[in-house]
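Each of the two complexes below includes chain A, the first together with chain B, the second together with chain C.
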Partner chain A sequence: MTQPLLSVNGVSKYFGGLKAVDEVDFDVFPREILGILGPNGAGKTVLFNLISGIYQPTAGEVHFCGQRIDGLPPHLIAQRGMGRTFQIVKPFGSLTVLQNVLVARGVMRYGHLTKIWGPWGSKAEIREAMEVLDKVGLTELAQRKASLLPLGNLRRLEIARALIVGHTVLLLDESFSGLRHDEIGQLERLIRRIRDDGRTIILIEHNMRVTMGLCDRIVVLDHGRKIAEGAPKDIQQDEAVIEAYLGRKGISHAS
Partner chain B sequence: MSSYTITIGTIIVIQAIAVCGLNVIVGYAGQISLGHAAFFGIGAYTAAMLSTKAGLSFWTALPLVIAIGGFIGFLLGLPSIRVREDFLAITTIGINFIVEAVFRYVPFFGGALGIGGIPRIVFFGERLKGMTFLLLCLVFLFLVLLVCWWLTRCWASLACYAVRDEESAASTMGISHVRFKLLAFVIGTSMAALAGSLYAHYMQFINAGDFSFPVSVGFLSMLVLGGMGTIWGPVIGTLILGVLPEIFRPLVDYRILFYTLLLLLMIRFQPGGLLGEESAMRRVLAPILRRGKA
Partner chain C sequence: MRLFIEQLLNGIAMGSIYALITLGLALVYGVMRILHVAHAAVFTVGAYVGLFIFQATGSLALAFVGSMVACAILGVVIERFVYFPLMKYPPFVPLIGSIAVMLSIEEVCRLVAGPYILTFPAKLPFPDIYAGGIQISSTLLAVYSITAIVLFFLWYITTRTELGLAMRAASQDISISGAMGINSHLIVSITFVLGSAIAAIAGILVGIYYNQVYPTMGAVPAYKSLALIVVGGLGSVSGAVIASMLLGVAETLLIGYANIPLPRDALAFIAMIGVLMWRSEGLLGSSR
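Now for the complex of A and B:
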């Protein structure tokens, strides 16, 4: 069996008495699209913050490419090739769309005091950034200031930045929410293409149709605990999942 | 030029260098500082001590002054950047008061009497005063502006902008916010130290009161007026706030009232400063500049 690219072992995060994430385990394999599903407040975003280093886990370990990464600050994890987006978009508002992507392009420089004094935006770097913007469909807005963009475009911008940083793994936190129907289709195609280019994707999504259609495997969280894991069709039948979403009564209706 | 004009001009140029440094911290990296006069003072006192007690010339002392200014900026920056926004503002005010108190009460730094007898700068055997000193200051201002301009073009500034706009997003792009805030602090405080050194050698006598909290407020007002994060903003802001009080000398009693009003009006109508990106001035200047280029 192939080695997992990312493995989460018994990871917990407590905020005081609240167990936001409670002993969650799962593995992610290379070139997989893994969905994280769960009702509001299930701990999905907290889990992403634990993987990307924004929070330190209360207990448990996270391994990425065979190395332990829990406890590392987010910038060091990013430098290892993990990119992520945020559920609440976080553009660099005073910069242009192109500059936003260029910030991400510098990911390998910021760790070296000698590599940060050169000028940004060489022709090759701009070409590369424009290629990524083309992938997400923002070419025309490259010179627009990021703070002026509507939500749908900001979600694409987040993906563009994460694409450059995350040459190994991408964590997408509700990238579909707030998108129009046709935009959802485009984004689905984009995510498949990214995976076909050899990357691994973990995504949090509320849209059932998208999750079921896109993901190879799904992990379901509820109240911070993992309640199910498996292929989309198995998840759809899973009693614990139906209960979490529809309540106890839902089971009799669903069956 | 009369010696009066030259004096005003020299002070403005020295202040502009310090405000350029403040711009790196506040404008580029987005870290509010209300204690910039402390670092201006640290530069001035270091230069004064090195020239009066150690007998170094301005030129041999200068690299030391800048290094010490940057190093103290680094040390004081370490705890400061752990706090944000209002708390950072208060912390930097605290730094200003502590540094001023050290100058005032520690006998080693001349105590309440300050330090006098600071020699003039000698350049190729000539003692610089009046016009020649102003020229020297202008050369330094030019060099500082050059550094500021380069900073806007290099990766370090892109990282600083990212930290300023969205710290957590920047961290997921490999940017350590601690590192880049400290970097801005060190660069900004070294520039303040350079300005302080020029100030000490110009005044030939310094005292703790020259580096008190109101001076920091003045620096920040100049920066806000001119335009945070712009290259020429610090120069324009310093020029206006340096010249106006001279023109309106009879109204000196109302100076603070005027400053406050000006700042309120700027924040209400031109939050980016006179040279800020969507400022009225830039809109007027843009077509002219474009025609110039074409």
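Now for the complex of A and C:
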């Protein structure tokens, strides 16, 4: 079997007495689409925050490309090629769509104080940012203020920003929620295309049909613990999952 | 008419000084969402350090540079050792820490320099201008020019450089900018360097303008600049500058003309109460 790209080993996060994430283990392999599933409050977003460095784990380790990354500040993890989106879309509203992407692109060299005074947006950077905007289908809106975009386009902008940071892996936190039916289809195609370009994707998703159709493997969390892991087909039939996530009615009603 | 224009010119100078003090507060609030009360103590230290260097060397240029460096270091020390460890607590905890720092620094100034009012007998290298019977003293001219330079510099940084782009990003959401690969902590430190260096300039200008440097000179600016960032809109740097200018002019004109029984320092707070009642997000604030 190939080396895992990202591996989460026995990671826990306690907030006071609350075990938000409790000894979770899983591996993510290159060019995989891994889904994280679970009811509200299962600890999915906390898990993303632990992987991307916003929180430090109470216990356990996270390895990315063979190196330990838990304990590193978020910007250093991002600079190793991990991009992420947030559950609540928060673009930098006062900036244009293009500038939003340039923020993520231009600041990669912020370790070097010399570049800090230079004007931002060299030709090469703008070209690269435009390529990413083209990939997500926002080329025409590049000069629009980000705060004026409707939700569907904001999600694309978030993915564009995550793409330019994450050459290796993307963490997508509920990118489908609130989208119209046709937008969901477009986003599914976009995510597949990103994977086919050679990136690895981990996504948190509530929409069962999307998760089952899109993901290669699924990890199911409940009350901070991993209760199942496997291919979508196996997950659909897993007793513990059906009980925790769907209630006793079973998956046939939800899908 | 001549008197009016002279009052107006004085008012603009007052406003410029308020703006220089308030800028640091607005910048820090923007990236950290804390009220940096101790900023006014940094301003006091700026005046003292400037005065001492001036007394020792006789060079005003050295006084400005040395004081800016000292204040920048002081600002970063406050950020690293007071705010950073307290950021995980609710906002009133760093606020109380900030008040403690302000009082401590005032006391240190009193211990080192004594409780007296020192004079700052420097002459800024600007000409006195007489035009149409109106006099613009070299001090006024210096205040205008230096404020204009500082504002231009800050405008250039925030709108034209990568640093500025990162600062704007961090001030909108510090955890997202972290996920975008921006070193948020570095940006916060740079913000303190900028704000504190500007406070040093303000300290020296106030020292020369009033020819006074004393340990509690930061007290009135401390609460006035808090009122000003609320009036300007919390987190809005340009709002803070506009509010400062308006207050400077309004104070000077109202004291000069209207015979209001209120002390001039009350005006900032009447403005703040008014803003909170009618436009709680401030002049240029966003209603987030």
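Just so we're on the same page, the second predicted complex is superposed on the first by the 244 of 255 C-alpha atoms of A that agree within 3 Å, B and C clash if a C-alpha of one lies under 4 Å from a C-alpha of the other, contacts with A are read in each partner's own complex, and residues count from 1 in each chain.
Criterion: a contact is a pair of C-beta atoms (placed from the backbone, for glycine too) under 8 Å apart; a residue touches a chain by one contact, two chains touch by 3 or more.
The shown structure was predicted, so the numbers you read here are calculated from the model rather than taken from an experiment.
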After the chain A overlay, clash or fit between chain B and chain C? clash
Which partner chains sit in contact with A:104 here, chain B, chain C, both or neither? Use first/second/both/neither. both
Does chain B (first) or chain C (second) touch A:35, or do both, or does neither? neither
Applying the touch criterion given at the start, work out whether A:93 contacts chain B, chain C, both or neither, answering first, second, both or neither. both
Who does A:78 touch here: chain B (first), chain C (second), both, or neither? both
Mind working out whether A:43 is in touch with chain B, chain C, both or neither, as first, second, both or neither? neither
Which holds for A:165: it touches chain B only (first), chain C only (second), both, or neither? both
Shared chain A surface residues [contacts with chain B and with chain C]: 52-54, 73-75, 78-79, 83-84, 86, 90, 92-95, 99, 102-104, 106-108, 110-111, 115-120, 161, 165
State the interface residues of chain B toward chain A in the complex, per the touch definition above. 153-156, 158-159, 161-162, 164-166, 168-176, 179-180, 229
Partner chain A, residues of chain C touching it in the complex: 160-163, 165-166, 168-169, 172-173, 175-186, 190
Touching residues of chain A toward chain B in the complex: what are they? 52-54, 73-76, 78-79, 83-84, 86, 90-95, 99, 102-104, 106-111, 115-120, 161-162, 165
In the complex of these two chains, what residues of chain A are touching chain C? 52-54, 73-75, 78-79, 83-84, 86, 90, 92-95, 99, 102-104, 106-108, 110-111, 115-120, 161, 165
